[in-house]
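Structure first, then comments.
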Amino acid sequence: MFYHIKELQYEAKPSKPDPLYAKKLQEVLGGQYGEISVMMQYLFQGFNCRADQKYRDLLFDIGTEEIGHVEMLATMIARLLDKAPVKEQEQAYESDPALAAVMGGMNPQHAIVAGLGAMAADSQGYPWNAKYIIASGNLMADFRANLNAESQGRLQVTRLYEMTDDRGVKDMLSFLIARDTYHQNMWIAAIKELEEREGDVVVPTTFPRSLEKQQVSYDLFNFSRGEASKEGRWAHGRSMDGKGEFRYISAPVVFGSAPKLKPAPKELFNTPKKGE
Amino acid sequence: MFYHIKELQYEAKPSKPDPLYAKKLQEVLGGQYGEISVMMQYLFQGFNCRADQKYRDLLFDIGTEEIGHVEMLATMIARLLDKAPVKEQEQAYESDPALAAVMGGMNPQHAIVAGLGAMAADSQGYPWNAKYIIASGNLMADFRANLNAESQGRLQVTRLYEMTDDRGVKDMLSFLIARDTYHQNMWIAAIKELEEREGDVVVPTTFPRSLEKQQVSYDLFNFSRGEASKEGRWAHGRSMDGKGEFRYISAPVVFGSAPKLKPAPKELFNTPKKGE
Amino acid sequence: MFYHIKELQYEAKPSKPDPLYAKKLQEVLGGQYGEISVMMQYLFQGFNCRADQKYRDLLFDIGTEEIGHVEMLATMIARLLDKAPVKEQEQAYESDPALAAVMGGMNPQHAIVAGLGAMAADSQGYPWNAKYIIASGNLMADFRANLNAESQGRLQVTRLYEMTDDRGVKDMLSFLIARDTYHQNMWIAAIKELEEREGDVVVPTTFPRSLEKQQVSYDLFNFSRGEASKEGRWAHGRSMDGKGEFRYISAPVVFGSAPKLKPAPKELFNTPKKGE
Amino acid sequence: MFYHIKELQYEAKPSKPDPLYAKKLQEVLGGQYGEISVMMQYLFQGFNCRADQKYRDLLFDIGTEEIGHVEMLATMIARLLDKAPVKEQEQAYESDPALAAVMGGMNPQHAIVAGLGAMAADSQGYPWNAKYIIASGNLMADFRANLNAESQGRLQVTRLYEMTDDRGVKDMLSFLIARDTYHQNMWIAAIKELEEREGDVVVPTTFPRSLEKQQVSYDLFNFSRGEASKEGRWAHGRSMDGKGEFRYISAPVVFGSAPKLKPAPKELFNTPKKGE
Amino acid sequence: MFYHIKELQYEAKPSKPDPLYAKKLQEVLGGQYGEISVMMQYLFQGFNCRADQKYRDLLFDIGTEEIGHVEMLATMIARLLDKAPVKEQEQAYESDPALAAVMGGMNPQHAIVAGLGAMAADSQGYPWNAKYIIASGNLMADFRANLNAESQGRLQVTRLYEMTDDRGVKDMLSFLIARDTYHQNMWIAAIKELEEREGDVVVPTTFPRSLEKQQVSYDLFNFSRGEASKEGRWAHGRSMDGKGEFRYISAPVVFGSAPKLKPAPKELFNTPKKGE
Amino acid sequence: MFYHIKELQYEAKPSKPDPLYAKKLQEVLGGQYGEISVMMQYLFQGFNCRADQKYRDLLFDIGTEEIGHVEMLATMIARLLDKAPVKEQEQAYESDPALAAVMGGMNPQHAIVAGLGAMAADSQGYPWNAKYIIASGNLMADFRANLNAESQGRLQVTRLYEMTDDRGVKDMLSFLIARDTYHQNMWIAAIKELEEREGDVVVPTTFPRSLEKQQVSYDLFNFSRGEASKEGRWAHGRSMDGKGEFRYISAPVVFGSAPKLKPAPKELFNTPKKGE
C-alpha cells in the first residue's frame, strides 16, 4: 500500500517558462526510458518477485522513489508551460521569429489536450506503453534491464541538461542525474551479487549447458565482410563465463539446408504451385 | 549491402505440426525480446555507429546473423502450422478434446491472415514495433541494452524449450540458446572493454561528475517500510564506480517543497480557483 | 444501411490557408476525443444495443451526424493545407521567419503522405485507434463515457477557437461547439432518465449491494498527507446514491497482509530464493 | 513524494490457482478501464492541477489508493498462476480436457515472458498505454472522465465476479466493487459541486455562449429513419442547462454546400483533374 | 452528410451462437483488411479528393456502402455471442470438452468489456488503427491500395467461409464475397482508366523520368543466390511501362562506398572513437 | 542466411547537414510505406512462400536489396544530422530565424534518444510496426500489396525529392526512385503472369464463384446522391474478369431487415429493456 506527501523529493522550479523545452523534457517523463518506465518496471518486478525478500524490498524502495520522480518531472513541465502563447496573435507571429518558432515547435497537445499540463508521453507525443517494461521473474535478466534503463535514462537526462540554460531546470536535472548514478551503481552491485551466488553470468544460469548446442557457444561468426571485429576481447581468450574459449570464425558455414514448405490446405486459398 | 543464400544457418524442422506451439514460438520471433528486436537493434546501432570501426563491424556481424535467425524461426513456425485444422468439422470438435483445444487455442490469424505463415508478431498476436529497440550513439549504454536483450531472449527460449517434446524443435532451440550464450559472453566482454577504456562504469562517463548533485549519488533511500534491502552489497561499502561509499538512508528526507501551480490563461478554459 | 449526400452539414471554408493550424485541428478530427471517436463510439453502441429501441435510434441519430462532422473537419483541413509551402526555397526560408516557422512546424505527413489531405490522426500525427472508444452494453456507463467525450471534445474545440483569427474556421467551430452543447445536454438527460428508471446512480445498478464489502462503500481514505480533501461534499453527509453516509478516514488502516509469493516451477528458470 | 508499506490494502489470496482466470483478471489491471488507468489518470490530474487545493488533495488521495489496487491485482494474478501447467506433457494433454483447454486458453506470455507474474496488459495481452487517460486542466470534464472510468471499471469487476467460484477472488473483488461504489458517489458529488459553483453543466462553462451557433444548441437531428428517439427527455422540454428548449428535428436540413477542393501544387504529384 | 436507415443491407443472422467463431469473424470487421479499414480508407480518399468529381462520387458510393458492411458484421458478431457461457460452472467445465474449449478460446473482452457486443478490433483483440489506411492524393496509387485491400479482404472472408458450417453466417459471407468481387473488378477498371489517361503505369506518372537514375530502372538484381527468379516475365523482354527492357543482373555490383560517420558533438555524450 | 558487405549499394552523402530534412526523410525509412516496410514484407512473403521456387527466389532478391536501402537511408539521415544544433544558445535563437525554426522543427528524439542517428520511425516519430505488412500466402493478393507499397513509396520519395535542393540527397533519391520504377514494373509483370496462369483476376481465384451471391457481383450501388460515378468504365460494359456485365444501380435496395438483438444474460449487468 502507498502513501503520498505533498512535498516533492526535490525542487522542480524553472527560472522561466519555455514550452519548447517542456516538449523535449517529456522524453524523460513518458518516453521509452523515462521515469514512468522505471517506476512501472520496478513496481511490477516487485509485485511479481518470488525470490528473496531483500530483492523485493529493494525493488519497492526504488520503484516508490521513481513515482516521486514522475511527480517532479510533471510539475516541472507544467511550470515550463506556464505562459505558453496559446492565443493567436497574427502580427506578433510575423514580427517575432522566436515566438514564431515556439508557435511552430511546441507540442500542440500541451495546450489543446492537457491545458498546459504534463502528459504521459514522450517528446514526440507518443504515449507511454507497457511494452517498454519487463518483469520476467529472473532477476539477473531483469537487473540487466534495469541497468540498461538507468544507463539510457541518465544519458538522455545529461543531453537535456546541455539543451537548456535555465538554472532551475539544470538544478533539478542534476539531482536526477545523481540518482541515476546511484541506481547504475546499485544494479551493477546487485547483478554482481547474483552472478556470484549463481556461479555463472549467462542467463538463465539454471538451464543445463549440456542441452545447448555447445560447439557454437563461444564463436563469433564474421557475417560482415572485413575483420575489424576480430580485434576485441570477445574474439579470443577465455570466455567471460570461464567455461570456454572465444573463437573467431572468418568464414561461417551453413548448418542447415534450403527449406521447402509444403502446400497449404485448399480451403485457405493460398497460391498453389504451378500444376498442382 | 546484403546478400542471401537459400540455406538456413541451422535446420528448422519440427517432428510434427503443432499449431498451439507455433503460436507460442511467435514470442521469440516477433516479441519484445524476439529475434526481430535484436536484428533491428544491432543493425541500427551499426548504421548509426560513429565510434571505432571494430564496434561497427561487430554490430553488423551479429545483426546480419540475426536476420538469419528470424528466417529460421519463421520457417519453423510455418512448418508447425502445416496441418492446422482450419476447416470446421463440428462432430470432430465435440468428440476430440485435444482438437477442440487446438481450435480454441491457436492464433486465428495464422490461418485467416497469414495462410499458415509466420507473422512479425508475438505469442499474443501483438505486432512487432520499433519502440522495442534502442540505438543511442553511446555504446556502453547500448551494449547493456544488448546484454539485456540476449538475457531475456535466452530466458524465453529456454522456457519454450521446456514447453515442447518435439525433437526437431528442441534441436533448433538448442542452437539458438548456444548462440545466446555466446552473445551474452560477447556483450559482457565488450562492456568490460569500454568500461576500462573510459575509466568509469556510469553511463555516460563523459558527463562531468561535478555537475551532478553529488550528495545523493550513492544513497539508497528506504521508501518501502522494512529494511531488508539493507542486506545487499548496494547498501554499504565502496561504490562500484570506486568514487564513493554506499549509504543506506532509513528515513529519506524531502529536499523540495509542495508545488503550487499558477492558473492557466483564460483562453484555455481550465477550471479556475474558487473566487478567481 | 447508410446514405450520403454531397452537401456538408455546415460550411467548412477557411478565409485562407494555414498549415500550422491544420496540424492543430487534426486533434479534434482524429485525436482521443475527436470526431472519429464519437462517431465510432456511438455507432458501435448502436450496433450492439440490446436495450430499448429509443436508445438504439438515438445512438444512430447522433452517430450518423458525427460521420458528417468528420467530413466537415477533413474538408476544412484539406483547405487549410491548400497552399502549404512544400517545395524547398532556401532563400525564402532564411529571410522569412513566419515561413521558416511553418516549414519547421507543419506536419510533414500532410505533404509527404497525404498530398495535402486530412489524416485520421491527431495533432501530433498519432493515428486514431479503437481503444479510444467503449461500447459496454450498459447504457448508464456508456452514456457517461459519451458525456465525457462531449465535454473533452467541446473543451478542445473552444481552445482551438481561441487559437485562430480566421473567420471561416471560427464559424465552423461555432457550429461544432453548439452541437456539443446539445450533445452534453442530451447525454445528461439520458443519464438522468436511466438513473431514475433503475433507481440507483451506481453502475451497474443490478449487481446486488449485499455482495460488495459494504463497510468501505462510502469512505474517503486520506492517502495524501494533509486534509484539504475533507472540505468537499464527498466527505460528509448523505451519499449521492442515498444509501449511506460519506465518511472521512484520516488514517486509513490496512486490511491485508504482506504477500509472500511461492517459488515458480523450475522449468521457468526464475531466480530461486537463496538456498533453494 | 510517495512511501510504501509491505501490507496490501486488502487481502489478495485465491483459494486455488486458475491460469485461465488470471488471464481474464488482467482486464481490470491493465485494460482500458483497469486500475493502472485510474491510478495514472488521477495522479496526472493531481500533478497538473491548477485549481483549488482540495481537488488536488482529493486526486492524490484516490490516485495513491489506486497504486495499492494495482498492487493487489498484480499479487492476485501471480497467485492464480502459481501452478500453471508450463511443461509439455503430451499424454496428460490428450486425456484431460480441462487441462487441454487451459493449455490452449491461458495467456502464453504469463509463462514465457513474465515467469508467472502479472503484466501491465489487458485480458488479450494488449499493453496498457497512456492514451487511456486524460488530464485536461478542466476538472468538470475530467471528473466526468473519472466517473465514466469508475462506472466501466465497476461493471467489468462485477462481470468478473460472476465468472469465478473462487471465494478468495470473490472476496477481493467485493472490496474493489465497494471502493468503486464510493468513487462513483464521490465523483458525482464533486461534479455536482463544480456545476453549482460554475452555474452551468456544459463544459467548459467559461466559453461565452454568444460565440456558439446558438440556433442548433438544443436540437436533436433525426438522422436515422424512424422516430423512436423522440420519446426521450432529450427531445422536448427545458434543456438540462436551463438555457433553452429541446427540439426534435424530423428532417434535418443542410447548412453547407458540396465542397470542391482546389488542385494540389504540381510538386506533390497528386492526380490532376482531367485536362489540367 | 450522411443518413441511416434501420434495415441492414443484407441479413446478418447466424443459425446459432458460436462465440469462438465470433472471435474469428472480428478479423474482417476490425482487422488490417477488415470492413472498418475499407470504410475509412474510401471515405478519407473521398474527403481529400482534388481530382475529377466522378472519382470523388465513386469513393463516397463505396465508402458509404462499407459503413453498412461494418454494421452487418457487428450485428452478426453480437448474435454469435448471444449465449456465450459467461458464468463459471466448474463441473460443466470439466465434463464438457467443447464447452471447456470455448471457455479457453473465446475472446474474454467480448464478455468483460463489450457485454456480448462486437468490438472495433481484430481476431486477436488488437484494436483497429488508422495506420491501416492511406489517402495519398494520387488516385492511381490509392486505387492500387484499394485493389489490394479488396483482394486481402476477399481472401480472408473466403477462409472464414470455410471455417464454419453455419448456414446463416455462410449466407451473409456469400454476399460480402460477391461485393468484393465487384470491388476488385471496379478498382481494376478504375486503375486501367487512369493508366490509359496518364499514359504510364508507374506512379507517380508526372515525375520526370529524366530525373531518376535510369540505368537501374529495369534491372532485377540477384541478391539471393540461385537464379530461379530469372524465369519470370519480370526478368526479360519489354518492361510493362513500355519504356525499357528488363535485365537480369546475376552479380549486382556496388555503386557506393563504405560509410564513415563523423563524431557527434561532445554535448551528446556519444561514445568517442578511441583516442579522441 | 545473410551476408553483409561494408559498401552501400549507392552513395548516401548529403552536401550539408539539414536536421529538418532528416526528420522528413524518416518517412521513407520507417513510415507506413518506407523501406523497412518493403524489406519486412518481402522477407516474410519469402519465408512463408509455399508456391513455386521462382517466386520465393524473387522475394528474397528484392527483400535482401531492401535491407540495403534501409542502410542507405539510415546513413543519409545520420549525416543530415551531423551538425544539428543541440546545445541551447539563447541569443542565437532569438536573432537567427532559420536556426530558431530548426530548434522548433527538428525531431527532438534525433538528439535526445538517438544521439544523431536514424530511427526506425516515420517523419512524426511514430515507430515502425508490423501491421504495415502482409504475407497472406496468396501471391496475387500479396503482389498487389507490393505494387501498392512501391507506388506509395515512389510517390513519397518524389515528393521528398522536391522538398530539398541538396545535390547529394537528390542523387541518392534518384536511385531509389529508379529502383521503385523497376519494382512497380516487376510486380505488374508478376501479377499479370499469375492472373493468366490462374485464369481470373479476382483474388482468390480458387474460391468457387457459385458460392458467392452472384446477383450483386457486378453492381455499383449509388449510395452518394448524384450520379457522376456512373461515368466510369466500372459502371458499364463487360466486367474486368470477363465473367459478367457491370451495372449501375441508381437506387440500391435493402436486402435485409432491421436487427433486434436479444437481451444479454443477467450476469453481465447490461442495461435491460424497460420492464424486463
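Which chain is which? They are A, B, C, D, E and F, in the order written, and residues in each are numbered from 1.
Keep this in mind: contacts are C-beta pairs under 8 Å (C-beta built on N, C-alpha and C of every residue); 3 or more make two chains touch, one makes a residue touch a chain.
What you see is a predicted model; the values in this text were computed from it and never measured.
J.: Common contacts of chain A and chain C?
T.: Correct list: B, D, E, F.
J.: Tell me which chains count as touching both chain B and chain E.
T.: Shared contacts of chain B and chain E: A, C, D, F.
J.: Return the chain whose centre of C-alpha atoms lies at maximal distance from the corresponding centre of chain F.
T.: Farthest from chain F by mean C-alpha position: D.
J.: Count the C-beta contact pairs for A-F and for C-E, then tell me which is higher.
T.: By the number of C-beta pairs in contact, the winner is C-E.
J.: Could you tell me which chain lies farthest from chain B when each chain's centre is the average position of its Cα atoms?
T.: With centres defined by C-alpha atoms, farthest from chain B sits C.
J.: Measure off the straight-line distance from the CA centroid of chain A to the CA centroid of chain B, and report it in whole Å.
T.: Between these chains, centre-to-centre, one finds 10 Å.
J.: So what's the Cα centroid distance for chain B and chain F, whole Å?
T.: Comparing mean C-alpha positions, chain F is 27 Å from chain B.
J.: Which integer distance in Å separates the CA centroid of chain B from that of chain C?
T.: Taking the mean C-alpha position of each chain, the two centres sit 32 Å apart.
J.: For chain E, which residues are shared contacts with two or more other chains?
T.: Within chain E, the residues that touch at least two other chains are 1-9, 32-33, 48, 50, 55, 57, 60-61, 63-65, 68, 75, 78, 86-87, 97, 100-101, 104-105, 111, 113, 115-116, 124-127, 129, 131, 134, 136-138, 140, 155, 158-159, 162, 204, 207, 223-224, 226, 254, 256, 261-262, 264, 267-270.
J.: Name the graph shape formed by the protein chains and their touching pairs; answer line, ring, star, complete or other.
T.: Here the contact pattern is complete, since every chain touches every other one.
J.: If we count contacts the way the header does, which residues on chain A are in touch with chain C in the complex?
T.: Chain A reaches chain C through residues 1-6, 48-52, 55, 86-88, 90, 93-94, 96-97, 100-101, 103-105, 107-109, 111-113, 115, 124-127, 136-140, 194, 197, 204, 206-207.
J.: Give the list of chain C residues in touch with chain E in this complex.
T.: So the residues of chain C in touch with chain E come to 1-9, 30, 36, 40, 43-44, 47-48, 50, 57, 60-61, 63-65, 67-68, 70-71, 74-75, 78, 113-121, 127-131, 133-138.
J.: Which residues, counting only chain F, touch chain E once they are in their complex?
T.: Touching chain E: residues 5-12, 32-33, 53-54, 56-58, 60-62, 64-65, 68, 72, 75, 78-79, 82-83, 86-87, 111, 115-116, 126, 129, 131-132, 134, 136, 138, 140-141, 144-145, 147-148, 151-152, 154-155, 158, 161, 171, 174-175, 177-179, 181-182, 184-190, 192-193, 201-204, 207, 209, 211-224, 226-234, 239-241, 244, 246, 252, 254-259, 261-262, 264-265, 267-270 of chain F.
J.: Flag every residue of chain B that touches chain D in the complex, lowest number first.
T.: 20, 23-24, 27-28, 31-33, 97-98, 100-102, 104-106, 122-126, 156, 159-160, 162-165, 223-226, 254, 256, 261-264, 266, 268-274
J.: Give the list of chain D residues in touch with chain F in this complex.
T.: Going through chain D, the ones touching chain F are 155, 158-159, 162, 267-269.
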